[in-house]
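Going in written order, the chains are labelled A, B, C and D, and every chain counts its residues from 1.
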């Protein structure tokens, strides 16, 4: 696929995801972690404008100089005229304006890419496309949050993207102790956090070939585990009590039955499906209740060569830390991953919302341990 | 004017106010006190549906039973299925849905009003119309807040509704001590808080015939009064320091000059205009700096018979308290005013956004002392 | 009584109040409104040192220049060396240090007062003594809070100062409409907020000769009034729900019986005693439940000439506002009362903890409406 | 040393640490992480009473049944009579009461230990003594915080325990890549978090033989690194801005010179000493500014066999996670370490406040990354 074609395909896909939305759905930010869809559409565009068009295309005129305030994810106060705003408070630029902004930048980018770009530009471009694919996954999460926390429980679409999830045919895969190689070894794109390739020694371990099901998780709930501190980390227990957590996100108990909100609406729980939308805290508490544990990201990377994965991100016990030899790129691009390497947990795998190109066995996703609005699940180890 | 005509006129006016808005402007809630315009449009409709159509029109089918959660201003949790939400987090019902809801209720109301309603219904109807007129005024404030706190400073309209404001021809009106009658004495509608008519003894006082101008307020600012605790109430001083207050709301200092955001956009300060968008705290501090004071609401009511007022709400020194003989109506309508009679200050007059029917000399508006997003100003007394 | 004798008597009384305390009781600040007893002892001393000795006694050496940071009630950051602290975080100066500070300042004051002071000094001295008497009353409140919120419920003393409280012989006193004079008319000391004397017109009203009893308040509780929003101001209802309020402060339900903490320990409720330690919100809700109201401070001042009062502060409906002609003294002394005249409610009467000299019919006490750790009660009007 | 002698020695040492304190110093809790010294003295006593005397000594009478509320570190509400309190709000039990409690429990323990205890009791006893030694270290930190955040800057003692700290003779120690064994291998006591012994593969690395000095850290400060986001983790940058951090804890800039508070009072910075009282965030930012990194805990454990360490805890890059094979003991003792294994960073080494018995190369200390009131420093790796 040529770079232009790839650029167009990925850019179109972001708009495709938003197609079923009403204008109002693009605007709101119900909690700090959930950005308005129009912000994602603008921010990914701002990335190409700021990182490629402005520095490398001499004659380029920015679409609107004020957009830098609005779509820069690290924007800091620059003078008395600028007003502190949260993303969800901004009714302007409108959704139509954002789409005009996308069209304007896309046209400039496509012209610019008619000539083969330099290696430097190419590297930034590939990063920008991967960046947009990550925001596509966030778009799914944020859209689900916005619709699923509305008391009318509107469906995103009739067809459910959360399909073909199964936790059946559980077995234990044994892996023998030894020195293993971890990290991305191929020539194609990977993020800086997947490098350097390095050796890790693993003890003997067993890992489940299937994810934990709703049926198993309901047993945990019915056993009173959400009310018993002994299964929980100290911070997790505070979280459970302060937030009043007693079930996975999107679950509702209505007239004696458990339902969950999916992108196609409110549906009764399917016991055979894997449990989704739980925090690391809940995953770890479930494992403790079972007398087992979560795998480390290294165990996962080695074992996953021998079982099916994908469709859900899987919490690991590993903290998100630099690999030996990790170093940040200089400048703004260097901010991409390294600065998040504290207080977060690694998830491995890939979700139904993940771009196919990101579904690789060395990919390191990361979230704070209390978060659960992304597509995730539990795989046990022992 | 017949009741039907009056109903239609007032209902149309709410939609007229929103005409220049983009869909996105209807949705956001930048701070707790500012409601999304679509919420105002829905809530005032819910009032007629809930207070008149449901109890008095036997065959009435509610538009959507879930709207009770969304548009009830006092909504409390009713079961596990209901989700705590803030108004600004709700993308649904959409703006189009809300306009359909209005049309549906208006049609039912207009049919219902073809026959002369009972006295009971009539009383609720008149209250509902006054209620909608109060929300029309809030619509102006909230729209201004939403647009005026956007870093793009979009104009609401080319023509400025904030016009013909003047603070010229200042003089001191003397009022002689004596017993005066306070409260609404006519037969037409008034709110319960304007009753009973009662006697108040006033000392000799003088009151200004003009409001404090931007020029005078700039002198206060330039004298460092925002930085000198001696002019401020103790709570006001906390507020000034905690919030970093150093000018009226909507003022911006750009390249050595003061601008303010009006509904027609960002404009240089007009020194001859009255200062607007200040809190009671700032009004009282200005008066202290001048060695004067604010009038009480009783002084205002007596003196205002002899000077021009209207176009701005004027802060008074009076706390919002019940008049002698005040009593709450039974049921939901009784909640209208009495329950707010603590920790608020009375404003008298009327603003450019006030419905003409509400512009009466006995009308008691009330806001918490730190609020300033409504149209208000300062009149001095001594 | 000579000034010196009066000075000594009042200063000794503060220390007398603290006599039964353990050293540890002097130190803690369980909530922001409750100051450590050692702070009261130091702050009242600092007042005389700062307002009299430093400006008027040329050769005076301050006891410790750092004490200005610690005992100034309005202390603001003055340079990089100063650390933000809350009063309850300060273990030093120790209690023994504070008593040394008192002895040092008292000796200097007593020497200074051997000669008749100027009128200016005298006025400050009288204010300082009244200031210390107000802090004596706060000392009682704060000591009770510190001991009464300790899970060991230690008694302050065997003998109960909360005695001889009665709410018996209730009757309705009628007062005829007319013009009345309000404010302090005698020559002796009063606070600036009791002036000017001015006329107020009162309608006919009736006022209870007794305070509301625990028996009556239990009926309110047993009727579910704490759970029914219709008796409460909107802000009160938020407070009840957020804070989980369901009884007066210091009440505990133990094995089916109501107890309350008094300064002599935990005791069963005495039904004949007046209810104490309730907020304005609860007083107003109780009155609403009874279909009555609280008196205004003006009604109280006129009616109290004909019934017994004292032993408890009585919530009134009046907001704390300046009387006509009120003006602040220049300088620091002018900060005494005026700057608190917003968002507070007036209480009239006097409590068992009030200095006898402060028990006058024109005295205006004031607290925020949600506070209830002071000795207060409810008198109804209609 | 016999068990009784060891018990007495350790128990006496806690009281020895507190000897220079004034009664008031035992009571306050300036921030949530800092407990009042009297609470440490009571809580460590409660441990022996609750874990040994109550279950294993049949005739034992508890000193005071209410102390369970006060000294249980995990105390949860048990009935209407219990009041939520923070440790620093409790003036009772008094310091004298706490010493009586210690004497009472010590006497019972010493009698109980006259006979050789069972293996089960012995294990709990050894844990209890190690627990008390950990609280001894916390006592030092908390006492320093309480005195060092008092505007009078009182000294704990004339002699400075923070002595003989040096960061001189810096060199780079090279360690060769390979498989290494990690964890406690001897027979004597260790905490459960130091087990199981397991293999870790390390790449080639270099580690400094000396800690970072005040001189080096001042260069970091003078280079503006506290104001440049590029050296900081994203959460660290928020912390720096929100808390206004611009130097290590206890540093004060007075008249153009940097001072720091030590337990012997406020002193000018000694440039040759290692920097202390910095957070992980600051340690990591310093390393980034140097173009280096912090060692992992595994690198540290291997390399520390060849350099001098002790006197300060050293931040590592490692998150606090379970070793392979880690399992929690059943019951309350199992809560000891495992439940803290999220969102914390490992520190290795030992501080001047650490009990000699805890100074072992496999000891894993852990703190949240923003904390800095403990004795800690920076060792670089590359």
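The rule is short, and it goes like this: contacts are C-beta pairs under 8 Å (C-beta built on N, C-alpha and C of every residue); 3 or more make two chains touch, one makes a residue touch a chain.
Note that the structure is predicted; figures quoted are calculated from it, not measured.
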Least step count from chain A to chain C, where 1 means the two chains touch: 2
Inter-centroid spacing, chain D versus chain A (mean Cα positions, whole Å): 36
Rounded Å distance between chain C and chain D, as computed from the means of their C-alpha atoms: 44
Distance from the mean Cα position of chain D to that of chain B, given in whole angstrom: 56
Topology of the chain contact graph, where touching chains are joined (line, ring, star, complete, other): ring
Residue ranges of chain C touching chain D (in the complex, touch as defined): 22-30, 66, 69-70, 80-83, 85-86, 88-95, 146-147, 149-152, 154, 252-254
Chain D residues touching chain A - in the complex, by the definition given at the top: 179, 198-201, 203, 230, 232-237, 280-281, 284, 293, 317-319, 321-322, 324-325, 334-335, 339-343, 345, 369
